[in-house]
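In the two complexes that follow, subunit A is the common piece, with subunit B as its partner first and subunit C second.
On to the complex of A and B.
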């Protein structure tokens, strides 16, 4: 009897988890009048009008493009900075290495809001406000330490003798790193990219404060659906559904290595 | 090529790993580094390879100082105790990887890879990845990688230690054949005296980062310069007992009395330490083993077709190695027979003063 009880429990649990997402999907397929008038478990007369509006109105779809642009920049910058840093922490001993390594993670412990004012001041001085790179760089403050920690864990799992064997074989460092080492920590890089993506994608405070119109993220657009006529429920729900999609796609690719990523590569 | 280490010392964090070692290695000879774990075998090899830099001292190749020269610019190949191959490459690519960095054409590389794969008997596995191979096959791949390079210095750091007994025996014989045909300096590290003896060549006995003795392997085995060397170069460690020479006879332990014949003849009276290898003791009397003394059995262990009987005589714990499987009761009193011609005699300081004449024929133990 036990396994069946367990199965039922799991099904209930997943139903509970999926309920809000389903509800958002449900609302996104209905018109505002319909949503406010009656309670329905499923859309009786599904309409894609909300989605059409997002895909055709530049005010909406540019939000997605902006978000994707700075998130992609952030992931690229984080990885290209963190890969060499993590290699150094994993392979070399240098003065204060342990303290510096811990300090990196301590950075993660401060709430993003703390850095808002300095960022605003700094970026406006350099004329970076309302650019994609501004948000990407600001997010790096949080994603780079995380990336260094995760990658260091994965790299330390590769025996040092592999590096030495490559040098004995006559490999130079860049060639060894790209052709031998990187393929060995492929899954780690995938997981790291996912964690950077996830942070940057859902972070709202910095992204909204540092942008205006040109680089406005989708989440900021969503907060501005409150008009004179009240909330546009259907549109908001459709935008919400579309926000989940990229994350779900990325998770699909790194699903096998997620647990190791949460353990910072140290399983 | 000749490789010379001049007074090399390495200290890591205040700890001395290699203590003032000088060595000269000549080509075409197999050099066996023998020593217990933590003796500094790996540290010494890393110095030879150029993976580490000595704290003081110099490394010379053909008389040229290469102490600080990067490992990439030297002609070195190394096989580790762990099976180290590139996991993302196939066996073929693993073997070919060092050749691809040279100016050889693809055709030449292919010929060389296939040739060495046949020698190491991994030719049917060339398309597999290391993770799909057994431990023995992985180490064969690692050795093939090292051999294909034709490096002037070939280092093998306990290459067979992580393999099971049968595979070890098999690979040991093959390696021995391979080394004979090479003009390289081969350095082979091992903890096992039997492996060192089988490989022959020249031996360097290491302990706690110091060089204790070096010379032709068999000679070192037959004339261990000190008690420490005798212990390292005997498996199980050499049985030691304090004694003295008085009134024209040797008195060992409590009641062993031996006449001063043969190599014991020229010894002057005084205190000594006497050593005998486990294989030169017996629980049965036979020609040669005629000196009987009483002992009690601590315990006996059977290993393969041999029995190691741990005995106690007076205060000393000894081990007797006996062919065949025998069983003994705990605390059982037995008679042990000793061959006086096989006794090593060390001075109180631990220095060898008399060694038995090499046994004609028969495998040394």
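On to the complex of A and C.
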């Protein structure tokens, strides 16, 4: 009897979990007049007008392109600096290694709000304000530590004998690392990329502060509609639904590896 | 775990240091700089010592924000941890159900934080939101823009909705790591479901649960975007948490000094918790090997 009771509870929970998302989807398929006029559990007369507006208005769709651009840059930067560093942490003992590791952790836990002002000052000195790279670099604050821990966990699972054998066979470090080691931990790299994507995609405080018009993320475009008079709920909901899509796609591809990332407890 | 001793490993860490210099080291130094100076304009600054720190530490609104923050984070742990464990226990162990559960659970985690706020505005508004209309229909006045209690209920609901899945995923990962032999032994002994939970599952999950508790505490301690979008810190200041207050301070005021001093104090509160977290992480690592 017990597992069945649990399953019913679980299904109920999942329904509750999906309900707010469904509600936003429901609102997104209706016109603003319709939304404000009558309360309906499902769109009686669904319209894609809100979505069409987003796909045809550059002020809206460029937000998506900007978000995807800085997230992609961030994932690339994070992975390329974290791979060698994680290898160093997993294979070597060196002066100050523990302190460095702890300090990276502290960065992951640092309140982003703390870094708001210095980022603004620093990046305006370099003329980087309102560029994708500024946001990508700022997000490295928490994605780089994240990438190092997750990768270090996966790398420590690879026996050291592999490294030793390769060095005996006359491999140099770069060749060994790129042709043997990296392919061995490719699932770990996938998991890491997912978590970097996730945390860069959802962050907005820094992304909004560092951008103005050219590189403005989609989520910021949305907040600027809030508070304006005559708020268009349907349009806002449609934009919200579209921000969920990339995340949902990525989860679907990494679902089997995801649990492994969580198992290491390093998110 | 015996690693090779070689200080040349620093060369492998160099590229990371370079990036982190731009994203963490230099900014942090700038915060320290700002926190001890009064800046009137470019090239016009005075060293003021600990003046800003004293001002910020005696700020009543900061005390209130800290109290609210601690209440909030405490409630988050009390609700999310048991709920997350219960969900993990109810999740299927094999078959297609696993994939579906994982995907559904991970969904709230990849929604941008301010969109989470937007979802909950749309969901709880008394005019167009399902929850708002439903609750008001039952004859209970509910409006998170007007009453402090309603705002708290909305923010808590949103927080639990948003982050319980993370606890569940962590707990589930911990459960998966328990070898079948334990369950077989329990079955032979005729152990009850409660006994299995109390003496096998709970002790085995200790490591991941420790991490879940610390992660949820830290992240709820730093929360900003979701409640800001949903309530704007109000009504009044009733849902103004530490980060909300810090951003208000940083953006609203002419002198950046107080905000910088507050930033450092904030950071110093977080640091010891971080140390505990670090120790827990090391223990999980060794626990797996045994």
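Going forward, the second predicted complex is superposed on the first by the 258 of 267 C-alpha atoms of A that agree within 3 Å, B and C clash if a C-alpha of one lies under 4 Å from a C-alpha of the other, contacts with A are read in each partner's own complex, and residues count from 1 in each chain.
Simple rule for what comes next: a residue touches a chain if its C-beta (ideal position, glycine included) is under 8 Å from a C-beta of that chain, and two chains touch if they have at least 3 such contacts.
Computed from a predicted model, the values in this text were never measured in an experiment.
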{"item": "Partner chain in contact with A:170 - subunit B first, subunit C second, else both or neither", "value": "first"}
{"item": "Touched partner set for A:124, first subunit B, second subunit C, both or neither", "value": "neither"}
{"item": "Subunit B versus subunit C as contact partner of A:88, first or second or both or neither", "value": "second"}
{"item": "Subunit B versus subunit C as contact partner of A:114, first or second or both or neither", "value": "second"}
{"item": "Touched partner set for A:159, first subunit B, second subunit C, both or neither", "value": "first"}
{"item": "Subunit B versus subunit C as contact partner of A:37, first or second or both or neither", "value": "neither"}
{"item": "Which superposed partner A:203 touches (first subunit B, second subunit C, both, neither)", "value": "second"}
{"item": "Touched subunit A residues, subunit B compared with subunit C", "value": "C"}
{"item": "Common interface residues of subunit A - those touching subunit B in one complex and subunit C in the other", "value": "none"}
{"item": "Complex interface listing, subunit C residues touching subunit A", "value": "1, 3-10, 12-13, 15-16, 18-20, 22-24, 26-28, 30-31, 34, 86-87, 89-92, 99, 101-115, 118-123, 127-130, 133, 161, 165-166, 169-170, 172-174, 176-177, 193, 207-208, 211, 215, 218, 221-222, 224-225, 229, 242-243, 246-247, 250, 256, 259-260, 263-264, 266-267, 270-271, 273-275, 277-278, 281, 284-285"}
{"item": "Touching residues on subunit B, where the partner in the complex is subunit A", "value": "49, 51, 70-72, 76-78, 80, 82, 84, 86-89, 97-98, 101-102, 145, 149"}
{"item": "Contact set on subunit A toward subunit B in their complex", "value": "159, 161-162, 164-172, 180, 183-184"}
{"item": "Complex contacts: residues of subunit A adjacent to subunit C", "value": "2, 6-7, 9-10, 13-14, 16-21, 23-24, 27, 35-36, 39, 41, 77, 80-82, 84-85, 87-95, 97, 100-102, 104-107, 109-119, 121-122, 137-141, 144, 148-149, 153, 156, 198, 201-205, 218-219, 222-223, 226, 233, 236-237, 240, 243-244, 246-248, 250-252, 255-256, 258-260, 262-263, 265-267"}
